[in-house]
């Protein structure tokens, strides 16, 4: 019951904090902006890719549809969503230390571990809300505007046509994996928040780590080959596997295990550091 | 003496060519006669695709055709049809007999049938079509195989398999082969930062195939034009 | 008398810097206890160790017979505190802030309970305003409210007068007396307003450079302390000539302009004033410095 009380407090604080609304505003802006752009210029944008085929084939059906728009919007997961998540979760501990409210919080009869876990869960809940908001805008609003049809999924090797009837469960799976990926980002920002005493540095550091790891993941160099399978950024785009045919289940499970391991390690480190930390401000 | 032999040889060859041309014309006339029996038709179709760089499931739908050049496949979802559609284009091409010359260049056996190989060459060099080659059954003419070569899209090869509707020249199965460039998108554009190549289930050929299984033809039902335009 | 708080040989090092050095003192139960020290003496560090915000490098802290680190949850449920300036969630109202702290302390407050609390600390009518609109003094009052929320038996206050107007200082003094005398709460009270400390506290400890330099009841510590009495006269020369050769001369500390400074016990001030008036010395003013101030300065400066 004590944990439930503490968690309720953390959820209230996280949801009512002004910066929490920034994420929703940005997501809404980007979704609506891209939807408007595709509504006006979608065919021209798509022809950049489908033009290769149109020399010899005619594509029948509604290529530009809500499922494709949702898929494209999900691609932005790697770009803006980590920052928006870190903006809130990177502030959960260090922000309170910098503001001075942490010393009042820790003089309550609740263990530091429970307080930290409650903060982490509040951050994860925020991540879930933000992703659900993206999902509603990206999927349902896109389908309302553009209709729903098969999805043309492109990777560098192959173009796959995924039937519309198959899309819902694939999107559920994709969002599930995306949620796990963003939970890693949230946990990383949360961990850095326990180490640092101001709210900006954890946010910037989280983004720096993501950028560096992404760059390492992009290059096919022998030195990086050893690292790449273990970097969480390598697995952050595993949600795209839900749109392969056949779905590489082993790869997805592997990615989920790596991501989950990151969460456990980072959270464990956070708990250790926070329990030992001197609150000097 | 030698001059006489050469003249006789050339004369005989010319006569034979005229003979081949006349025979080609009669084969095409017979095929056109069968085409003319069909003003329109609709049929069920099951489509399978083997296109390089493209994965797409088997699709079922309906085919609609109306002379001279209305053609539409309606199916749920996204699919691919050849840009130059031989099902629609061949009857239209062959019907306009004054726009081309035709000659038999040989004989071959296709699906156990003895066929004349008829080349159709357009008289207007500015047309998109370069040459059409048709393997037409000699006895009770039907087109079993065709190769249409155009300037922009290369050669489309179509093989017809006939069953119950051969008197209308409507095949039960159609195999269309198209020359294609392999589909490729830069890794960064595809946001493909993780993947090593593993597309071993996708055809590596540069020829794409579309296989159409036709059934339940409904012929000359006076199809409205709206069938070809409505969404 | 049992001890509410017992600090045993606590030391805190930050790297090579020793912030608190083998400090020991006790806070008797039911007293108002002063905790004094100049800036940088280790006061805040000690208070934070008392609240388990900082872990001592060495030593132990007991509340009653319970050691702090092993019984933190139980002990913290009995402590209310203000450490440094009270900080709140400025994007929430005062009431929302208190509800958060009440929930964290597992305290169920009715609307009436909150109303009484706001009246007690002087925030009635402002409880639904966002804390970011509060002045420093109002935040101080809200800090007091959160410290009293769960009816603690021990209250630790770090400079609670800061930012309060004179009325607020008086109200706080009366409140602390009420909490101590009527409800038997133990109060550890740190302030730079030494007159308040001298007025309120039963006993105190003074720390300097991390070490205790004085510890005991206020009356015991100040019993031997003389006062510095400043007498301002119209003619200082005449006054100095008068006292020359009298018993009063030994008490003269120095003189400057029209003011002569004497160092003597409180009960002798009126006798000196009477002597001067009887000898036609025109007195302009007579004042004495707080004893505790003097004592404090003496013991903390001597250690430099």
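Going in written order, the chains are labelled A, B and C, and every chain counts its residues from 1.
We adopt the following convention: contacts are C-beta pairs under 8 Å (C-beta built on N, C-alpha and C of every residue); 3 or more make two chains touch, one makes a residue touch a chain.
Keep in mind the model is a prediction, meaning the values are calculated, not measured.
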Partner chains that subunit A and subunit C have in common
none
Please find which chain has its CA centre nearest to the centre of all protein CA atoms in view.
A
Farthest chain (mean CA position) relative to subunit C:
B
Rounded Å distance, subunit A centre to subunit C centre (Cα mean):
51
Can you work out the whole-Å distance between the CA centroids of subunit A and subunit B?
50
Euclidean distance of C-alpha centroids - subunit B vs subunit C, Å:
100
Residues of subunit A touching subunit C in their complex?
2, 5-6, 8-9, 12-13, 16-18, 99-101, 103-111, 276, 278-280
So, in the complex, the side of subunit A touching subunit B is made of residues 49, 52-63, 75, 78, 149-150, 152, 154-161, 163-164, 214, 217-218, 234-235, 237-238, 240, 245
Subunit A contact footprint on subunit C (complex, rising order):
48, 51-55, 72-77, 79, 81, 83-92, 96, 100-101, 103-106, 146
What part of subunit B is in contact with subunit A in the complex they form?
51, 53-57, 73, 75-83, 85, 152-154, 178-181, 183-195, 197-199, 202, 208
